[in-house]
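Letters A, B, C and D mark the chains in the order given here, with residues in each chain numbered from 1 onward.
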Amino acid sequence: MTRVLVPLPVVLPLLAAALNVLLVRRQSLQRVVSVLALGGVLATAVLLLREADRSGATVVQLGGWAAPAGISLVADRLSTLLLAVSSGVLLAVLLYAVGQGITDGRRTTPAVFHPCYLVLSAGIAMAFLTGDLFNLFVAFEVMLVASYVLITLDGNGPQVRAGMTYVVTSLVASVLFVTAVGLVYAATGTVNLADAAVRLQDVPEGVRLALGLTLLVVFGIKAAVFPLFSWLPDSYPTAPSPVTAVFAGLLTKVGVYAILRTQTLLFPGSPVLSRVLLVLAVLTMVVGILGALVQDDLKRLLSFTIVSHIGYMLLGLGLASTAGLAGAVLYTVHHIVVQTTLFLVAGLVERRSGTGSLRRSGGMQQVAPVLAVLYLLPALSLAGIPPLSGFVAKLPLLQAGLADGGALALTAVAAAVLTSLLTLYAVGLLWSEVFWGPVADVVPDADRTDSVVVGTARTPRLMLVAAAAAVVAGLAIPVLAGPLYALSERAAEDLVARDAYVSAVLGDGR
Amino acid sequence: MLALLALHLGLALAVPFAAPRLGPRVFLLAAAAPAATAGWAATRAGDVLDGRPVTSSTAWVPGLGLTLDLRLDPLGLLMVTLVSGVGTLVFLYCAGYFSAGQRGLGRFAGVLTGFSGAMLGLVLADDLLLLYVFWELTSVTSWLLIGFDDESPQSRRAAQQALLVTTLGGLVMLLGLLLLAQEAGTASLSGILADPPRGPTVAIALVLVLVGAFTKSAQVPFHPWLPAAMAAPTPVSAYLHAAAMVKAGVYLVARLAPAFAVVAPWRPLVLTVGLATMLVGGWRALRQSDLKRLLAFGTVSQLGFLMVLLGAGTPEAALAGATLLLAHGLFKSTLFLAVGVIDHETGTRDLRELSGLGRRLPVLAAVATLAALSMAGVPPLLGFVAKEAAYEAFLHGGPGGAVVFAGLFLGSVLTAAYSARFVWGAFASKPSCVATPAHTPSPGFVAPVVVLGASGLVLGLLPGLADPLVQAYAASYPLEAGRELEHLALWHGLTAALGWSALTLAAGAGLFLLREPVRRGQRGASRVLSAVDADRAYDLSLSWLDRAAQRSTAVVQSGSLPVYLGTVLLTLVVLTGGALVGGTSISGDLQLWDRPLQAVVAVVVAAAAVATARAHRRFTAVLLVGAVGYGVAVLFVLQGGPDLALTQFLVETLTLVLFVFVLRRLPSSFPRSTPRRSQLVRAGVATAVGAVVAAGVLVAGQARTAPPASQDYLDRALPEGGGSNVVNVVLVDFRGFDTLGEITVLVVAALGIATLVPAGRRRPQEQSR
Amino acid sequence: MTGNLTLALLIGVLYGVGTYLLLQRTLTRVVIGLGLMSHGANLLLLAAGGSAGAVPFAGSTDGGAGAGTADPLPQAMVLTAIVITFGVTAFLLALAFRSWLLTGEDAVQDDVEDRRIAALEPEEHPHAARPEDEA
Amino acid sequence: MTTSERADPSRSVVLETAVRLVFHTVLVFGVYLLFAGHNQPGGGFVGGLVAGCAFVLRYAVTGREGIGRAVPVDPVLPLGAGLLLAGVTGAAAWLLDGQFLESGKVELDLPVLGVVKATSALPFDTGVFLVVVGLVLLVLRTLGAEAEQ
């Protein structure tokens, strides 16, 4: 059964996307196809996660070609966990988008939205599942090209300008990715990750370090790591709300996943890489959150918090201990859910208030108390306020950092704590400006980027339900934190004991 | 105990929905939670005082040491009395305080109930991390409650200040708690206290924990948030900012002191900070005209007092501290609630405007005076009993010796003085102003105040009632054999402490009577001291933070794509290039070319590439880039890839066509290029990138030892893949998944082009709205 | 594996010129720069497969097993990369075209909000809301 | 470009006729490359690109309308169908107990033709071919048409 289940999260949305391309004039059918496909992906992902947690990594050799001749898909704990979480998020955002589309009656774009969204989902799944470096490049391209279209969906001025920044930066990252693949192939003669892991042992330390750092730069761009993040806050906020939400939650995490996977599998135990990661973690956290403090736009402020909190995941990775990795995994899960939720809610707030400007809004607590609650919970969670998911996810990172005890690790812990405080300051500022205060008069922005925003529009029920579901999912994380952390720990142990991964892919002969 | 917490949570979630129907009576519903808790605690009191604490344990995240461990012991019981006992009365008071039309009533009631639950959890938690959970929850609920009047900028600022300061402390404390748990090998509070770890790390951990306690209990220099928090409705001030939440820091100190007061920096730190707080608070209280702010600074002062007593680490001081904890909870909430009644009935709480209220509101005046006397330490009230015990503890060689005692004495004098100022300010008839008109409060509104005020008197007259409770806590200190703690009493005989008490009251009275010269002196002093104003320091640090944020963001977020790309490529140069330079070398095994023709083509391609950069006309540049593409195709042929070359050739042609489509509409020449210097910078980055990549190719290639994974493709392509063109077999079979992804890219790119450049004749301006 | 100096240098030149053009403000130049860099990357990938060799056709060389035959795997990967680059470049050109339609300029535009924030004079924190003691 | 050509009708007619002749030849060559690709240089991409070039040639002479006449389908159709075909071919292996994308030789015993052998690589490559052709057609319809104005 696994031979069907493992590729399904990629194949199903791809086929559905192809179908949706053909259904370009039948939007109601497109919706049905999309929802069914992503629902199927979610179900598959959950099954795969259960299977992976029960009996370790499941490997499918595509085309029946044993590794390293063909492409291997590997469903281990880490990949299936992230797959399951992202499928859920993708489905929730899809419903939100459908809700938005129904009421606003978009004329130009929905025909393209559905196939692109499904391709995005396929690309993300492909990136999580693949065990092949070049295929990972292809997965990134699949995901990215869909994101290019989605981010410029309305084709208006700000979107085209921001899209340019986004597309060009991503293309540079893609060229560098090909470069890195080329260098890895030159040094090892393989692009299969497990095979490369074995062969890299014979590669001189200096070359290995150079390869590791090159890949780090490549994925660092996607993951929005300091100093490679500046494209993100410029480009994400202009996209339509559901698109921003899914980008915010997922795309950077695919970069983080790629860093996690390649660094632990290909370059384990390099002290230099660890140190570089920790330094980058500190800078990413602090510089990112400082950026959030000076923003006036709702989504821009939140975009900087994405950047900042990527630092937490790097911190866990840089510590290179099982506990640190477990923390990084759990933090990734938390951040996917919470950041997506915040952008979904931000979209609702913008619709309701007619502006994304902090200064110009106010009193939303009186106007829309439900939105206030929907914002407050994920916002406090992001700031790591207990007992919400951000706290539960931050805790293992702090513990691991303190247990490490090194000067750099302790600095990183201090930076993490400072970032928590400043995040609270930032989301508190947003709360204070948008939700508190006298009710602001609605003055719709002149340069509205999201063409569907209608000031004080009633919130469509489906959008609200989708956002609320995301909030509830965020609340479920701390409730289920016991098993979830145990799972993250097992996933981290898999990452550290990479022999299991290697032999699962290459067969026990190696 | 978990059920009680759940009850709080359930009611907190329910009351906002009940509020529209019930109005202010919703507080009577919400009061069920603290009332039930208080009732439950009363039934368990016997067991707890007999040394059988009530415990419960539920798993949460075992991997992280997070456990829902709860434990009710004597100190917990004392705190529950304040949290739930006083809490119940405050809830009842709220029903009279708020009017039916109050905006946000349900929200307020819900958050207040939530706070009550969080505070209960805080004092019951027997797990360090669980304690932190509730600790931060009280901060958040306090933030929301202070910002209740959210249309006032003052409220919003005060709310933010309280949140930031207490959370800063909380986070520092979290690090301390984690270190402590790490050193002890457990996060269980009772476990750590039973077998306290020692060592330099523990000392650091304790300092971090104390920072948390200091911020929460408004100790110098973190105190300004507390007076500012008076922007909250009065019940909040009485409950959170007098009786319950601000005691959290003191509670934590009281909790840890028996085990850790002997560890090096604890005592000097706690005593210094506590005394400073006591004096600063008392001093500032003396010059307030707003009755609530007067009480707030009084609270700061008393919290310092409590910090000294409970952190000193002797059983005698602990006994006094526990007594004061109880006394302060009672008298301070009484006073706040009384101010609330005054504010409610007269519309002001400025003591310069109030006059003659003693006659108009006699019951309230009597109760409030009783509470103020307790605060001042006048017999026969509980405050007096507590202060007697405190003097007793430090007179006979307590920690810190004479200096600490002198500080306590001075602080108590100030306390007596501002207590007098309060009573005078609130109730006296002042010749300078007319009698303030006041409504008569309903009996239900004043009743909770009376109960609270009277309990201070009752416990003062019958100290035996409170004695077992505080004794049980003090017993958590190891006591030398044969030594016994004194019991609480009104009359210990003619002791030195009694003398000092009398002196305190006399000096306090003197200070009050001389209030005009004191006021002038204070004004002069405050001008000198304004440089060290902690509240200004808060504003300045926020300003500094904003400036730092603005500057750093201006640098990293310039908004310019070339800068971003330059940063990305430079990062590559630094990291990859650094690794290449630092750890690798190119040695031997190099050849100029595989086939000489490669060199010829390469020179042509390179020349075309360089010419591209120098081209002034768009079309020229595009043609040159096409030439580069065709040249690369030739190189592909030379390398042994005809398929590749064919594809490259066709793709290059189509790309050219595309360029032509787009360029047809653009001006034929590039705009003038930017200044020479910035071009030089670009050229520098470009050279570095080129060098790093070229070096990378050579170095990486030399590292190869094993034959490539593709070596058996040639053998397997025909028999297993069914084709002899190996590259095609790789594309559609070995690596067909790549190809599937690749055509997906093409499909989506096509869709994207279709949305950006619609085939219909619709101009973008029409459809961007 | 024997290094090929000519190819390495050419790759370096392509990356270098590509970078130089990428850092310009004219959109067309940026696109061209990306194109040059992609050419460089494709060559690099191919060079990573080792020396030039015979066309990888099954049965084209005696003994089959790789001796003197070019590595087919990098070729397949380069082919994939070429086609992907083509698709994405087409999209980028469409985007550039639309940008030109909207702004009338063939230039990379700075982010407006970033410029605004970078130009902000940091304002003093509002002390107004601070409660004061008795005068 | 186009305008100047239209201004000289005689030249346009000659060119158009020439291109019409070449057009079909190139198109057929593209299809040939698709089928030959598994054993000789070629394949779905190359075939598709060659066929695409045929359309470009045709477009250069007749413009957007000419393309519309030559291929009277929405270019979205080959795009979707190609992707679907490639994907379904890959998934069909599941029905035969194989891995995704596992190639299979199907031997069909047809009434007239007898036993016909086909590898699954062909429909897969045909999907690739269709997508490439669809992309070129779509670009001609949009960017090409827009630039014509």
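Following the convention adopted for this analysis, a residue touches a chain if its C-beta (ideal position, glycine included) is under 8 Å from a C-beta of that chain, and two chains touch if they have at least 3 such contacts.
Each chain and its UniProt protein: D = Na(+) H(+) antiporter subunit A / Na(+) H(+) antiporter subunit B.
Note that the coordinates shown come from a computational prediction; the quantities given were computed from them, not determined experimentally.
Novice: Can you name the chain whose C-alpha mean lies closest to the mean of all the C-alpha atoms?
Specialist: Answer by centroid distance: A.
Novice: Where are there more C-beta contacts: B-D or B-C?
Specialist: B-C
Novice: On a C-alpha centroid basis, what's the spacing between subunit B and subunit D, in Å?
Specialist: Going by mean C-alpha positions, subunit B sits 62 Å from subunit D.
Novice: Would you kindly tell me how far, in whole Å, the mean C-alpha position of subunit C lies from that of subunit B?
Specialist: It comes to 42 Å between the two C-alpha centres.
Novice: Where the CA atoms of subunit A average out and where those of subunit C average out, how many Å apart are those spots?
Specialist: 22
Novice: Would you mind pulling out the distance in Å between where the CA atoms of subunit C average out and where those of subunit D do?
Specialist: 29
Novice: Going by the touch rule set out above, which residues of subunit A reach two or more other chains?
Specialist: Counting only residues that touch two or more other chains, subunit A contributes 14, 17-18, 21, 62-63, 134, 138, 141, 145, 148-149, 152, 155-157, 160, 164-165, 168, 172, 179, 182-183, 185-186, 191, 233-234, 294.
Novice: Name the residues of subunit B that each touch 2 or more other chains.
Specialist: Within subunit B, residues 156, 546, 550, 553, 557-559, 561, 565, 569, 642-643, 647, 651, 654, 658, 661-662, 665, 693, 697, 700-701, 704, 707-710, 712-713, 723-725, 729, 731, 733-740, 742, 744-754, 756-758, 764, 768 contact more than one other chain.
Novice: Please list all residues of subunit D that touch 2 or more other chains.
Specialist: 45, 76, 79-80, 83, 87, 90, 100-101, 103, 132, 135, 139, 142-143, 146-147
Novice: Along subunit C, where are the residues that touch subunit B in the complex?
Specialist: Against subunit B, subunit C makes touches at 1-26, 28-30, 32, 35-36, 39-40, 42-44, 46-61, 64-66, 69-73, 75-80, 82-91, 93-98, 100-102, 106-108, 110-115, 117-120, 122-131, 133-134.
Novice: Contact residues on subunit D for subunit B in the complex?
Specialist: Of all residues in subunit D, those touching subunit B are 1, 37-46, 49-50, 52-53, 56, 75-76, 79-80, 82-83, 86-87, 90, 100-101, 103, 105, 119, 121, 124-125, 127-128, 131-132, 134-136, 138-139, 141-147.
Novice: In the complex, go through subunit C and note every residue touching subunit A.
Specialist: 1, 18, 22, 27, 30, 34, 37-38, 40-42, 44-45, 47-49, 73-74, 77, 80-81, 84-85, 87-88, 91-92, 95-96, 98-99, 102-103, 108-109, 111, 113-114, 117, 120
Novice: So in the complex, which bits of subunit B are touching subunit A?
Specialist: My answer: residues 59-66, 103-104, 107, 129, 132-133, 136-137, 140, 143, 147, 150-151, 156, 159-160, 163-164, 167-168, 171-172, 174-175, 178-179, 182, 545-546, 548-550, 552-553, 556-559, 561, 563-565, 567-569, 571-572, 575-576, 578-580, 582-584, 693, 696-697, 699-701, 703-710, 712-713, 716, 733-738, 740-742, 744-745, 747-749, 751-752, 754-756, 758, 764, 767-769.
Novice: Give every residue of subunit A touching subunit C within the complex, in rising order.
Specialist: Counting only subunit A, the residues touching subunit C are 134, 137-138, 141, 144-145, 148-149, 152, 155-157, 160-165, 167-168, 171-172, 174-175, 178-179, 181-183, 185-186, 191, 233-234, 294-297, 300.
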